[in-house]
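Chain nomenclature is as follows: A, B, C, D, E, F, G, H, I, J, K and L, assigned in order of appearance, with residue numbering initiated at 1 for each chain independently.
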Amino acid sequence: MKVLFLNGPNLNLLGTRQPEIYGKTTLLDIERMVRQRAVDLKVEIDFRQTNDEGELVDWIQGSKGTVNAIVLNAAAYTHTSVALRDAITAVELPVIEIHLSNIHAREPFRHRSLISGVCRGQIAGFGAQSYLLGLLAAVNLTTSS
Amino acid sequence: MKVLFLNGPNLNLLGTRQPEIYGKTTLLDIERMVRQRAVDLKVEIDFRQTNDEGELVDWIQGSKGTVNAIVLNAAAYTHTSVALRDAITAVELPVIEIHLSNIHAREPFRHRSLISGVCRGQIAGFGAQSYLLGLLAAVNLTTSS
Amino acid sequence: MKVLFLNGPNLNLLGTRQPEIYGKTTLLDIERMVRQRAVDLKVEIDFRQTNDEGELVDWIQGSKGTVNAIVLNAAAYTHTSVALRDAITAVELPVIEIHLSNIHAREPFRHRSLISGVCRGQIAGFGAQSYLLGLLAAVNLTTSS
Amino acid sequence: MKVLFLNGPNLNLLGTRQPEIYGKTTLLDIERMVRQRAVDLKVEIDFRQTNDEGELVDWIQGSKGTVNAIVLNAAAYTHTSVALRDAITAVELPVIEIHLSNIHAREPFRHRSLISGVCRGQIAGFGAQSYLLGLLAAVNLTTSS
Amino acid sequence: MKVLFLNGPNLNLLGTRQPEIYGKTTLLDIERMVRQRAVDLKVEIDFRQTNDEGELVDWIQGSKGTVNAIVLNAAAYTHTSVALRDAITAVELPVIEIHLSNIHAREPFRHRSLISGVCRGQIAGFGAQSYLLGLLAAVNLTTSS
Amino acid sequence: MKVLFLNGPNLNLLGTRQPEIYGKTTLLDIERMVRQRAVDLKVEIDFRQTNDEGELVDWIQGSKGTVNAIVLNAAAYTHTSVALRDAITAVELPVIEIHLSNIHAREPFRHRSLISGVCRGQIAGFGAQSYLLGLLAAVNLTTSS
Amino acid sequence: MKVLFLNGPNLNLLGTRQPEIYGKTTLLDIERMVRQRAVDLKVEIDFRQTNDEGELVDWIQGSKGTVNAIVLNAAAYTHTSVALRDAITAVELPVIEIHLSNIHAREPFRHRSLISGVCRGQIAGFGAQSYLLGLLAAVNLTTSS
Amino acid sequence: MKVLFLNGPNLNLLGTRQPEIYGKTTLLDIERMVRQRAVDLKVEIDFRQTNDEGELVDWIQGSKGTVNAIVLNAAAYTHTSVALRDAITAVELPVIEIHLSNIHAREPFRHRSLISGVCRGQIAGFGAQSYLLGLLAAVNLTTSS
Amino acid sequence: MKVLFLNGPNLNLLGTRQPEIYGKTTLLDIERMVRQRAVDLKVEIDFRQTNDEGELVDWIQGSKGTVNAIVLNAAAYTHTSVALRDAITAVELPVIEIHLSNIHAREPFRHRSLISGVCRGQIAGFGAQSYLLGLLAAVNLTTSS
Amino acid sequence: MKVLFLNGPNLNLLGTRQPEIYGKTTLLDIERMVRQRAVDLKVEIDFRQTNDEGELVDWIQGSKGTVNAIVLNAAAYTHTSVALRDAITAVELPVIEIHLSNIHAREPFRHRSLISGVCRGQIAGFGAQSYLLGLLAAVNLTTSS
Amino acid sequence: MKVLFLNGPNLNLLGTRQPEIYGKTTLLDIERMVRQRAVDLKVEIDFRQTNDEGELVDWIQGSKGTVNAIVLNAAAYTHTSVALRDAITAVELPVIEIHLSNIHAREPFRHRSLISGVCRGQIAGFGAQSYLLGLLAAVNLTTSS
Amino acid sequence: MKVLFLNGPNLNLLGTRQPEIYGKTTLLDIERMVRQRAVDLKVEIDFRQTNDEGELVDWIQGSKGTVNAIVLNAAAYTHTSVALRDAITAVELPVIEIHLSNIHAREPFRHRSLISGVCRGQIAGFGAQSYLLGLLAAVNLTTSS
């Protein structure tokens, strides 16, 4: 079993950006936590980040037939990208939407997600833990279906 | 450690209501799954359901000082109850909002959650699995804080 | 054949509340009219009122397998209760929405009905007569299906 | 006593249009059902259909002093015609708004009725039965006032 | 000089409809007042009424080259007819929008006029006097341009 | 009989402001036209202009018992002043709202008039002629009531 | 003279909830302040709290004929309950809406009050003092009417 | 094969209305172009225009079983007629919505089409060419299905 | 202790304006009531009225360091003046918003208050009594802080 | 003559994505159809696809002076890209907006096109045929201007 | 060359109002900075402040023919005054809108500017520096045009 | 000191695009003007343009620790990019938003800026001069903080 973790814009700054607020955990730290847990679950992990909407679309398209599920933190593109939505629909894989923060408790424009209508489910607000819960959900969806 | 699971209106019908659609898992089955996993995690569980908004408010208020976290499936009251929101704010405990279905992919009036602004995070769309992910998140929030 | 009549908040005040406007017909008078007509139609009647949203949900849930149809005057909860809507969906019985007044000719917030989307039909504006028309509709729906 | 039944655009296609969905009952069948019941109630019936907004306005105007009540299925004009609304106000007769389908459970633009604010009441969602309930309501309104 | 007065739906009922409210002046009375004043102004008058949107469009189209101005009381079609708007644009004549009542002080749906954006001006709220003011405005626009 | 003409902000610039567009008629020219016609009608005229919202309110208040009607071109305050609206209501005189341009054909924020709901009627779009029509309407309202 | 004080959801937590923010005054303290002042004013006090919407409706209904006025802090139900609104209308007593905080300075969903349209007046933002001002207003309304 | 071309209000003025803007091509010219091309495609053409909403509905209804497709330029009724929408749904023929101008680049009220939701497709903005493209689309839809 | 009472536009007409509706109490009567009560409370009163938005801003600014609190009935400017809001913020004094009528039960545009977000609290709907309650609230706020 | 066909995100998946719904026609098949027809019309074709918004902007910019027209299926970027709109405006070439599906009959967020306001026209809903109609429209626009 | 600096309501309090937040720079300090820089640029300065909307309108009107440009900090009237907008349009001078704070990052009602549509440009968010940038922009606009 | 100038989509076309409207100043000309002025101010300049949203995000991220301020003309992405907003927040540098045109005087969708809420200030409407004012503002912000 293989799970693809995709990270959208500005997530590469995690840990170095306002560490007094967001903590010192970097995206690399999160990737390590995910990979460690994945070993226990016997799951292969592909973990990527990009600031480019088109590249995210490319990666989702390319995942077809090569992974069992996608865990997607689309960050800012969550709220503005119909292209991501269409790619998710097209790829016919279970996609799990995750967010570090509770987007429903932030600015109004972050309450609207253009992609949640075509994802299996959403996990938001648990920081790095959102990634581990996303991994578990992905494994569960794949093995139970 | 003790976690309170609260279930809102109509969740008592789970499993017997349109089983060809929602499956045959009852709320009792979910409670058993939660309790089983809780044993492994050495967590005590309190698991309740009510159709009454006022009773949900009472239960949240009563949880103060007696549990470490609340996993809340407020069902229909998610979208209409300011009273629940105020109770969550008042109780000063981590509250995790869960939903069986992906509410963001359903009717527009289900996209608005009056309580998510004061919950720690949201897990939606994974069926019974949402409860187990909620339990893990609750344990993690409590032990890491 | 058995039909359940459910009455929501403040309908117990009918006849004593502003009688110069609403007339002197009480809810008991209406119940008698309904029962009288029911005798002719050989239909058994269960007729209840409550001010409590949760109790209305309980009653709708409890009607499954015990009645053939529900005639529901949800009064104020018509406009605010998603819980009622979900209970109606779950109970899998024909539910007929009735109103004494023509809600479409009153304040704008009464134009929105959260439950009409899951009821079979709506009868509004005929005073006590709305109950008798609701009874006829219920009998017809049940016998013709 | 005389009741005027007015039918708006496209209702003439009833029964031949998508019969697998709407059934095979034609508008003529409905007219016969109405006339049959009217005989029992000793009510004279005038039953008409037109696709023309202006003609509906003419007919409502012409009914003054010649009928006791109007049962109006304005179909599509329900949602777009202020002219019908003004005609109903002007004619000073009880007008009962009926619909075959439950308009509140259909597309959003069908939720807005421009005429319900000036009709006595609304009956919607009972198919051909809506006409019979409308007849009863008309008779009752006329005899009790 | 010739001025065309066009009257929309339900204006034919003027004087006989709720005379205790609207007074006993009929549309014929208004026509007579307009014709009388027109004699003084040496203006020829064409005065018509219809309940039909299409006929109003026909009349506006037909006025091209035969009259100098149009005084239009479109009544209910003021608020719903794009067809009238397009006809007014096409006919390239000065059109003066008039209303018996002050539409801005009535129901919100009467505040929106689809035709005022393409009329020269609007006169509303002066009862039968609105017609005489409209005639004066028409004469003035035609003679001064 | 005495009629008060009130002019709001920037109307003092008429004639000198963009004369190639608005023409060379000044507010003084309009005043003269109004006074000339008033002589024929045996009406006394008071004609004023101010850029100050509070002064307009003062003038409306002060007119009580001293004039028979007000012709009001509130200009920009038409769209923003609740104070004017309340003054008009308080003064219990017929107030006629006039505008040089057809405000309904201009920017959307000019479509909303805060005062038209409490004025007798509105005349808009006839340039200086709007003042003469306003005078006639004022005389007619006063003599016929 | 007797005044009924009704308190809605979560007000029972006052004083123990976030005392560093809301202070240490409990609902019992407020009740004592109210009773003390009532003695001076020779007014009998009934003072209650519930988290249940239906119970609030019951209490309002039951007050008819037994008290002279109601001082109502509906808390969260202020913003969501049409049932309370209808009960207030039905009971035909002066009802004074009070709030501890200035609801107009809080989240947008607290700016909408479903009940203020049928209450005599509103007092908001003075903390425990809101109750004493409400008492004075109630006494004044009752004695002056 | 037979294709019905229907033209809505004011299209009869084409070519004579503001020719410096819209050009001198009349509706008759367009009809000739369509008929010429139809000869090449061995398609029979029926080409009509009306200003009347009801007549358009009649023609759509009457086309059932007599033509293979409809090319519809509903003009102003595009934006206001639910009756047309219902007729299109009822007739069960492929209907192609065309417009001379690009309605999406004009006034906001022209951006909303009430009929496009039930048409096969839309062609807008190509002037007379829109008719020829509509004919090709109609032929293609009919021969390929 | 000194309290400044500021009154906005049209309040000078109180008592003489529609006395059959608003009663015969003038603003001077209210001022006397306030002064009388102030003597008991040993509070100095400054009581003013203006129709001018700018003068209200001047007065609020000028109150800094000279009074202990402001009781403000901004009347119409409540709904339209951001300048008042900014002045209240700048003056750093407790400001109490009062209204004679219950603004929440009037026209929708009166439901929005631009100033309540920066006032301490609001008292609305108690007629002249609103001023006395405002005085008490002001004294209480000043002495308890 | 040369026409540029630009295809936006996810169109590269055509034919392999949900073939039971969208059919088995690939984008390459469509390109072949277009090239075949172009040979007949003696038009040179450039046909490209990208998932990247910036690349679409680059291509539109680069087309200036090298092609006669653009046929643009912007897919998801139709609804979210102001950058495309500005590029179309800047390039000063006729741009024809096409869509495979009837976007007006899909989700509400697809009804808004940010680019149609600056395109010559729109063709939507005819599947692969939309491309051929777009080609014809492009040729016609270019040769007739 | 002469530039008029106009300052709206509450700007006279600058420096004394919440100095811990807004700093101690007064409007007089800003005027001095502006005059100093103006000497270098050989520009004459007129610098005024008022709390009165009408006076701002007067000043803008009076500037015609006497200054080369206006730098306008309309403060609160930015968001509520159509009268200012009309005065700016009428005066036919370049007007530069400035703000001390970044109004786009503040409350939503400050995001709407009624005057920016008729100003040459906007400079916001640079504190006292906004005035100097405004001066430079004014000089540049005047010398380059 | 070093300032980064970033230019978004389509700005590379400046000068060659509709020169009769936008003038012949190219982006290179603007860069030269900026560099010339920067020499006087002893500021180092980095000046870039891209059509790609992701590249803009990369550049903003990369500027951390290498420049003192950013002057950002995000062009079309101003209105659609949450990713830019998040990058600006993350980079913790003063960012100054500039625009050639006055975006507040253009189409409504250009009035909304997604980035201004996190920028220090905005300069819009002064053409190439906006860049020089932006440079001055950047230098001032950096040296005064």
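Note that contacts are C-beta pairs under 8 Å (C-beta built on N, C-alpha and C of every residue); 3 or more make two chains touch, one makes a residue touch a chain.
The structure displayed is predicted, hence computed values, not measured ones.
Trainee: I need the common contact partners of chain F and chain J, sorted by label.
Mentor: The common neighbours do not exist; no chain touches both.
Trainee: Check the residue numbers that chain K and chain L use where they touch, and answer same if over half are used by both copies, otherwise different.
Mentor: Counting shared over all numbers used gives more than one half: same.
Trainee: Quick one: chain B and chain J, Cα centre-to-centre, how many Å?
Mentor: 48
Trainee: Report the inter-centroid distance (CA atoms only) between chain C and chain F in whole Å.
Mentor: Using C-alpha averages as centres, the distance is 54 Å.
Trainee: Using mean CA coordinates as chain centres, what's the gap between chain J and chain L in Å?
Mentor: 31
Trainee: If you average the Cα atoms of chain C and of chain L to get two centres, how far apart are those centres in Å?
Mentor: 63
Trainee: Name the residues of chain I that each touch 2 or more other chains.
Mentor: Each of 52-55, 80 in chain I touches at least two other chains.
Trainee: Can you name every chain pair that touches?
Mentor: So, checking each combination of chains, I get A-B, A-J, A-L, B-C, B-G, C-D, C-G, D-E, D-H, E-F, E-H, F-I, F-K, G-I, H-J, I-K, J-L, K-L as the touching pairs.
Trainee: Within the complex, which stretch of chain H touches chain E?
Mentor: Chain H residues touching chain E: 8-10, 12-13, 17-18, 50-55, 75-77, 79-80, 109-110.
Trainee: Give every residue of chain D touching chain E within the complex, in rising order.
Mentor: Counting only chain D, the residues touching chain E are 52-55, 57-58, 61, 80-83, 85-87, 90, 92, 114.
Trainee: Can you name the residues of chain F that touch chain E in the complex?
Mentor: The touching residues are 102, 104-105, 113, 116-126, 129-130, 132-133, 136-137, 140-141, 144.
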